[in-house]
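Below: a set of structures, written as structure tokens.
Here chain A shows up in two complexes: once beside chain B, once beside chain C.
Coming up: the complex of A and B.
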């Protein structure tokens, strides 16, 4: 009887993990990255005493060019960011100055959120940076998910290991835990409100939480997203920051 | 001599008016010596403490490092050459590795600089030897009193530190405070966490690397690949700040001195007007106008001599007490971020006292002379009749 149970479990496991972890991660990368996209979103930063919400529109081409403009609140309206490969510039309308964010400044919090500029700049796909292994298949938020462990295969990566809970059907992560080399959990990213956009699934609500800090983290809600749009080349120039 | 005798006699006969002038002038004298003595004491104390705790006789920096720009810390590290290693072995150099980090005491994020130093060092007064003989040296740190207050941690308590290795990968773990230290040099305390340099090198994958080298050699040699910063440079900002405080003090002293000198000037103007008959009589009896002017000038200047004597009477015990017990600044000193002790011990040099005496005597003599010049134009006949306007 014991042997039969063992064989059934083995067969079930083989069926469940019929896709390799790498294939799953590549599908996740395919869902989350695009040749180009235009995305309008709101970002709510929960502070100790109050929360503030910023709205923005972002234009992205491949993994090397990105332009983002903040639309509200009034204090941040007109602030623009331009990313070209590994360089980032920020234009502030109040000072009418463009500054380049480089070196250690990239590790600072972006607009006071739980994300750093570097987090925003990270453009490599997961399968390029990590090896993956399926640890389990379980339920999360009413969905069946693969629990996948990622371990860094390159040195210049911020998080030595990650754990992903990937929707078995849609191949969108529902949760992403990012760890230090010591195994200390540093950040948790929660994805929800997964919607079908063209031929892909995309999470419309993302919560970033620095697990070492108190607070409710930073919530990003996508209000609209369009893929494969025609984006004018001049948008990705420093001159466009001042317009 | 006659002029001096007359001057003193006239001053004493003027009674309360003289003593009021003398008292106000003595106040400016005391204030001048007190304030500059305090600044000199602060200057000496800050220099001695900064050398003892932070800079010794100078530092070698990795090219590109700027102590006022934390963004330069990321790249401020390089491997030590054989020559440098040799000097470290003979205790001529003390290597310090610095890395940016974040401390998380009870869920609060606090920026910090991790400073790795040799735990057996004796060049600086930092008590790194407290990191020896602990149960887990890899997780032991020491912090200054200010940093302990900022982090709200006590000896024996632990908190989480997050840092990045040389490749930028995050790492984090708990560290325990094994001791705290108290020093006047705020720049080595606020925002700094000290640990064994070998532990930090391992944490950051920076074997045999350092960010700065401290030396106690009075004649520091050139080291290839390192920028030497002598104490003229390292202490220059502190000196400039103290100088600015001294300038601020000059203004206050000048105002009080001005009040005292105005009082002397007024008294002199009044004396020349009120004592016309006396002036006329002096000239009529054969005294030259110049001599009469000098009597009045000496009279005014004697105010400053009396002020000096009066100041010496009441300020000497005060100055002796302050130089022994110091002037306590307490918690106020901490908030400034300056190298300033909880108590400043004023330093009264002979040069300072002589400068103050000279300044007050000369300025009192000048303001005494200016109104007295009118005497040179007085007609003695009209003066005796009291008709000089």
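Coming up: the complex of A and C.
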């Protein structure tokens, strides 16, 4: 009887986790990353005292080139960021200066949000940076999800380990917990409003919460997203920042 | 009696030279060291008060809780109105607004791109108002570098940077620099400034990456119109008064601090910082400590000196007893001698101590070479401070120790037996 129970449990487990963690993560990567992408979004930063909303448009090619321009509010309008590999430049129209951000400054909050510059710059696929293991299968926000643990296999990652709750059907994360090497939870990212865009699923609403900061987090809403667009190479030059 | 004692001391050099020397050296050490220690602890307290804490400091409750992070998003708003109220409530205090912030100071090349950059600690103070005392409080004139054509900011848009930063990144007077950080509301802050001077405070923490600018510039850059991180209050009398400060703090917090409003103002005082409290206590009690230690040491030395003197003057006391002088009278004359020796030694020791203390007050001793990694706000040049106490403090151990030493040694007089005197004197 004991053996039968064991066999049934084993069959159930195999059925439940019929896909390996790596396969699931690759599917997640396929949904979230693209050869190139043009995305317009609004970012609402909920501070302790007030909330403010910024709108921007971002152009991304692979995981090495990105260009972002802020469109509002007036104070931030015209501020541009250029990422080339692991370098980041910010252009300020009010001072007509281009400043390179490097070193520990990349870990600072971006625009007072719960995201760091490092978070913004990280475009690599998850399976390139982490090993994965399925921990469980459970329900979240009315969806069935895999709970997957990621452990870093490269040194230059911002988070030593992560825990992902991945929609079993759409392969989009619904929650992402990011941990320090000590095991302390640093950030929690919640994904919702998952929509079909071309041949992929993509979350249109993302909430970042820096767990070490007070406040209600930073909410990002995607107003439009287009994949596989033609983006001029000139956009990813420092000269484009001043235009 | 006094004339007799003074004549005895002057004519019998063996009776006076050694005790006077011992007392003089002890008093010299007391005067010089107490003035120097008072100066050191006083400078530490003043440095912290002038640069960081004021005699009293007003912030929002939330800012105070997170003050190590310099949370300007929790700054005090409506400060002009608050200032009027505080001035009316506490006329004995003058107020200064300060904004502290961290950021990146970027030095451009000829194309406007980053040539060099480093993190810096910024301090915005009122540099441009004609009646502002901030330049003197922060000793900015003296801190200006003599190596170049440094001057204080004369208009908005001009800043002072630390000499260390300028040397490290090759920044010259007249160069433009860009400050990159965040506004009070979290937006990116970019501001261009012209370097009009370089400064060296002689304090390792401040000299590493300081940027001093006018508070109007900081308010504009950081979106902090009618806001400030901290309001520092200084007693108009100049000196910090702990009892008065505590009374003001109690009344202020009872009136302005609201438990249910984390943005209501709250007051802290200089001694709320335990380290500064200790500095102040040390500055005030260092004289007493020095006197106690020196009395202890000198008494033992002078007791021994007195014993030697008593042995040497064994015959003299015997003759005086044989002539009918009472033991108590001889003992009193011995104490009288001690008082005169104490006064002479104290005068000499105080004069020498004051001379050294004055030298240390004007010049000080520079320990900056040993302080490269010091992270506390302490001065690198240690100077003495001469106060009225310095003029009399040496007389306490000088007189007390010599009298105590002689009183202990002189007890031998009472052990002399009149019946044994002639045998002792071998007459």
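FYI, the second predicted complex is superposed on the first by the 234 of 243 C-alpha atoms of A that agree within 3 Å, B and C clash if a C-alpha of one lies under 4 Å from a C-alpha of the other, contacts with A are read in each partner's own complex, and residues count from 1 in each chain.
Note that in this section contacts are C-beta pairs under 8 Å (C-beta built on N, C-alpha and C of every residue); 3 or more make two chains touch, one makes a residue touch a chain.
Values in this document were obtained by computation on a predicted structure and should not be read as measured data.
Q: Look at where chain B and chain C land on chain A after superposing the complexes, then choose clash or fit.
A: Once chain A is superposed (C-alpha atoms), there is a clash between chain B and chain C.
Q: With the two complexes superposed on chain A, say which partner A:105 touches: chain B (first), chain C (second), both, or neither.
A: A:105 contacts both chain B and chain C.
Q: Going by the contact rule set out at the top, does A:226 touch chain B (first), chain C (second), both, or neither?
A: Touch status of A:226: no partner.
Q: Would you check which partner chain A:156 touches, where first means chain B only, second means chain C only, and both and neither mean what they say?
A: First partner only, chain B.
Q: Looking at A:213, would you say it contacts chain B, chain C, both, or neither? Reply first, second, both or neither.
A: first
Q: Counting residues of chain A touched by each partner, does chain B or chain C come out ahead?
A: Counted on chain A, the partner with more touching residues turns out to be C.
Q: Determine, under the contact definition given at the top, whether A:45 touches first (chain B), second (chain C), both, or neither.
A: Only chain C is touched by A:45; chain B is not.
Q: Touching A:186 in the superposition: chain B (first), chain C (second), both, neither?
A: Once the two structures are laid over each other on A, A:186 reaches chain B alone.
Q: Of the listed segments of chain B (24-32, 42-50, 132-140 or 294-302), which one clashes with chain C in the superposed model?
A: Superposition on chain A puts chain C right on top of 42-50.
Q: Does any part of chain A touch chain B in one structure and chain C in the other, and if so which residues?
A: 105
Q: Touching chain B in the complex: which residues of chain A?
A: 103-105, 107, 152, 155-160, 180-182, 184, 186, 210, 212-214
Q: Which residues of chain B touch chain A in the complex?
A: Against chain A, chain B makes touches at 70-71, 73-75, 100, 102, 104, 106-109, 160, 162, 164-165, 167-173.
Q: Using the touch definition up top, name the residues of chain A that touch chain C in the complex.
A: Within the complex, chain A touches chain C at residues 45, 47-50, 52, 75-76, 79, 90, 92, 94-101, 105, 109, 111-113, 238.
Q: How about chain C: which of its residues touch chain A in the complex?
A: 62, 73-74, 104, 106, 108, 112-114, 117, 119, 178, 180, 182-183, 185-188, 190-192, 223, 263
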